[in-house]
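The following pair of complexes shares a single chain, subunit A, combined with subunit B in the former and subunit C in the latter.
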Partner chain A sequence: MTTSLLDVENLSIGYHTGNGIHLAVDNVSFHVERGGSLGLVGESGCGKTTIGMAIMGLLPPNAGVVSGHIRFEGEDLTTVDDSRMRKIRWRRISMIFQAAMNALNPVQRVQAQVAEAIITHEPELSRHAVAHRTRSLFKLVKIPEDRLRDYPHQFSGGMRQRVIIAMALACNPSLIIADEPTTALDVIVQNQILKAIGMFQKEKNIGMIFISHDIAVVSDVCTHIGVMYEGSLVEMGRKEEVFYCPGHPYTRLLIESLLTLSDEPADLSEVSCVIAPQGITGDGGCSFNETCSDASAACRNEKVGWVELSDTHRVRCNLAGKEVEG
Partner chain B sequence: MKTPVSMLTMSDVTKVYRVKDSLLGGAGRDVVALDRFSMTINAGEIYGLVGESGSGKTTVSRLIVGLEPADGGDIRFDGTKVMGLKGRRRKNFTKQVQVIFQDPYQSLNTHFSIFETVCEPLVIHGIGDRQFRRARVCEILDTTGLTPPETYLNRYPHQLSGGQRQRVAIARAMVLEPRFLIADEPTSMLDALISFQIFRLLNHLRESFGVAILFITHSLAAARNLCDRVGVLYRGQLVEQGTAEETIMNPLHPYTKALLDAHPRFGSSRQKAYGVLRETERPIPDVDHCPFYPRCNPAMDNICNESTPTLKYLDSGRKVSCFLF
Partner chain C sequence: MGLKRFIIRRCIEILVIFFFIMTVLFVLFRIAPGDPVERMVDPSMTPEDAQLLMESMGLDQPVWTQYLYYLKNVATGNMGVSFHYGEPVTHILMNRLPNTILLFTTAIILSALLGIYLGKIAAWKQGGRIDTWMTIGALFCHTLFLPWMALIMIWFFAYKVGWFPITGMVSPAVWIDPDTGWIGKTIDVIHHLMLPLMTLIVIHFGSYLLVMRSSMLDTLKDDYIITARAKGLAEKEIRDRHAAPNAALPVVTSVGLSLAFSINGGALTETVFTWPGIGRELVFAVSHSDYPLAQAAFLLIAGVVLVANLVVDVLYAYLDPRIRY
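Up next, the complex of A and B:
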């Protein structure tokens, strides 16, 4: 067996609702290498964040892992107890939460907030060591030293997001989960933050799961891409493979709908009335069949399996590889 | 092509927000949200206003519809001053100018059904009887892609997805058949796929009803694909304006170039970077200076840091506010 940094195997996560268990993540498998980066792309509600939360052991009380394993450095995170999880969380796996920059304590200096993250998780460190590490973290995320004693309200959105990144890196984790870290920021700041994330990720050889709904952003930072739809992973492969020969109709739709700065503007002339599908089919059929233009009766009723397009590229579509689209 | 008929003109519009300094008194600080901003939107065109957050894009839309008064300058719609409109004339103006807001999760009243939401403008303007209104609401829901419309009438916003809600917001704006629509970042809360559909819908509305649209966005890619002309706004000043094609394929102002550099690379045929953004910002000079000077790499000392550039008209019909041209 390979010793990946993170191995997620057949993971299913359900939310308990009034009508029984609702599967938010359905039989998802992927792995992340040390120093590798995986981008999870999909629309809102497809289960991206739920996976991140499950890895962090932070699922809400009404949710739970139904089946499958999350192996992190050989240890199964679905079976460890809370106290062990607390040791792993932040020291070994940390997370950049969505819009976390708004969660900074407004009445505490940013320096103290980052130091607190270090002290909480590594209480054995001396005050001097904590201060030293805080300074080097701020240097890494390019916040000038004279701003360390500022309060969050004196920082712009991008600067606050840098503080959050510094905090996520505070205990030298080997895996970092970035959940839409740039969604609330505008393009120039987003680009700077993405560069910062890419840099420390390579420099410190950290594994990364980058969660985003923007396939273009993911392509900028990640080496591998997983596309999620309605709780299932539908396509997985190296960035170039997924982008230049997408195998799943949903991935194709995502890439086609991406507005780019290319020479030819996209065709906006016809009105599309695609209505969002009505939840997981549940009978084993492909969950995308309602939107897919090529769907046949088989797609509705038969179980979809993975089709390997190459060693690193797999697609969960019965039609993949069978016909070449024009 | 016909000569363009200007519909909305803003000339030298200035808006200053006064920020109260602290509870303990002390001098307040002035924040200039718009600085002598001028823009013309022609009938039936889609004009894209691009800029980063805080550049004053939303202020433009708020001033046009009169949610706030301008501190200087002139805003005219069909030649009539917008500021100070009252009574019937004001109502007639609001009938022609409608807004779609950024966040469809907040802009819809959660206690109103979709029918009530879309019908409300008709009620306010006293248009039609019950039967007519119902037919009109169904018609516009159908146009905006909420089909079949009857199934949506009695639903509430919480039963709809983000994209559906934004379609409801668009239906509400279009129900009065306005001539001018302001779309303030209508897709920033939505997924790429849904955004694409909303863009298509806006384009469809323009083509079928001839409505002019002011499209406010921070995405140059969206502006490139949807708009006829774009204006780039930086710290309250219009720094560049031209056709979407020209401005994005061949930008002039360093800030426009910086925006293009920051755009995710995928799918772009343009590989080279302009590299106009400085790694470390220059200190802000005390005297009047170009607003982009602290972040601008090609800026010229002794010129850019000592006076403010004005908008120059180039031969090609483009406008740029930069000393380099």
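Up next, the complex of A and C:
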């Protein structure tokens, strides 16, 4: 295997709760190539944001990496110290935050917030050079120059998202983690933002992890898709493979619910039962077995392993292999 | 600009409010027990002389006429002559006002700055030993009884150690001496200012600390703090540049509130330290039924509070760009 930009190996992340450690991410492995884009899809609470935060070294104090490695450009991010991590943050891995989030400081001008990222990581730059780069970043994301001295509240949601994108690109990172960047934006703006993100990512050859609950959005911008369910990766492959030949029943459900929305009302009884994850079931079989219509006794009791559907497509479902054979 | 219009609008509001306060004061003074004339009238005066005196003061006129006279006098700054001093009250109060402003604005600004600084640190080290002791200390100081605290301060710093003068605002000897320049006079005033100032800071900083601490704890949960951290900023920069400026906003509001409170409540401090300010003059006027003086002092305090609040509003709009209208 060639050295990837980012290699996540058997990563498990736990939250300390009143009754012991709760695993939010369970034994997840994936990699992102230089200039490649991976979409992580799953419902709220499936652990996709936690993975993003773990890569940034920004897990909340009550959470921590239990086991596994995050190798980024040859460095294991699970072992580097704080001051080293601060240098990696934004300079080499930046983030595009959720639009709905209050990710910009309300009392600072937007240009100052973008410039701050540059000044922090390239203190040797002159004020003039920083101002110049800031202006060109805003130009890149199509924010008119006379708005640079505005405050975040004077912008619309889409404009604010552009500021965040400009900020993410400020130090020419090699990896961008986009965490639900278009959630809470209206469809047209969402489309523009997605196009912009996709364009910058390809043009500047930046690796990207795109986190979303929306498999349609993810397949729009990413070359690869990983589907997560209750903290585990259950399917992984090139986007065509995952989107058109989903191997896991949960992926099928995600795609079906997408299609039913467009022609007829979905059967909500089926959808509602996957909304609330119960936590990791442990070794006692597939965590999806209670929702899966094809689940057998084996699914409930036997450990599930990966089934390779092609060189690039793998599924964590005991039934998947059989389907291919039959 | 929006800010200018905002200030103009607030000034108009202030005038309206001031008019209401004037009217309420007028009514209060009319229905207050006791007759101003009784204070003035000497028992040896004949009823005719007393009648003459009442006429000279316009007290024989109907209430409405009196009210109109009153409005006219306030507007022209003619607030009457103090019964006690025999001087125009505006003259007396304008002498006292700078002293009060000097003591209380300095005290409030310094205690707010101290509270913001300590509250920031306490919140940053939440749950740690520093936080615990600061919170306990702030609560303790906040609940101290001001006159008691003032006496303790006087006993220790003025009497035991002898660092500061016990009372007053100036040492007459220093001011009479023709060789004392303005520097010497300033130092003398600051020397006298220290004790009441320190007392007020001890009493006031605690509430700012607690407000700042809880506001800071809320701010630290905000999303832009995560952004700042993701940007690779050092923890100190996150605290000082992103969290603190946002967290300090509620403190500014509470500064506005306490400006109002302290100018009234300042009577106590001014009395204990014999500080020649408005509060002490007000207490004196009320206890000696010096109606013109009391009435003017009330109006002046109302005016100062309104203006102080305007200043705080403008400051707030400056600090929080979302407020601009």
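The definition used in the following text is that the second predicted complex is superposed on the first by the 299 of 326 C-alpha atoms of A that agree within 3 Å, B and C clash if a C-alpha of one lies under 4 Å from a C-alpha of the other, contacts with A are read in each partner's own complex, and residues count from 1 in each chain.
Assume a contact is a pair of C-beta atoms (placed from the backbone, for glycine too) under 8 Å apart; a residue touches a chain by one contact, two chains touch by 3 or more.
Please read these numbers as outputs of a predicted model, since none were measured by experiment.
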Which superposed partner A:Ile188 touches (first subunit B, second subunit C, both, neither): first
More subunit A residues in contact - subunit B or subunit C: B
Contacts of A:Leu58 with subunit B and subunit C, given as first, second, both or neither: second
Touched partner set for A:Leu254, first subunit B, second subunit C, both or neither: first
Which of subunit B and subunit C A:Ser219 touches, first, second, both or neither: first
Which of subunit B and subunit C A:Gly157 touches, first, second, both or neither: first
Which superposed partner A:Phe243 touches (first subunit B, second subunit C, both, neither): first
Partner chain in contact with A:Glu43 - subunit B first, subunit C second, else both or neither: first
Residues of subunit C that touch subunit A when the two form their complex: 222-224, 226-234, 237, 241-242, 245-246, 319-322
Subunit B residues within the subunit A interface of the complex: 52-53, 145, 147, 161-164, 191-197, 199-201, 203-204, 207, 218-222, 224-226, 245, 248-249, 258-270, 277
Residue numbers on subunit A that touch subunit C, as the complex places them: 56, 58, 86-91, 94-95, 97, 101-108, 116-117, 120-121, 151, 153, 167
Residue ranges of subunit A touching subunit B (in the complex, touch as defined): 43-44, 157, 185-192, 213-217, 219-220, 243, 253-255, 257-263, 265-266, 268-274, 276
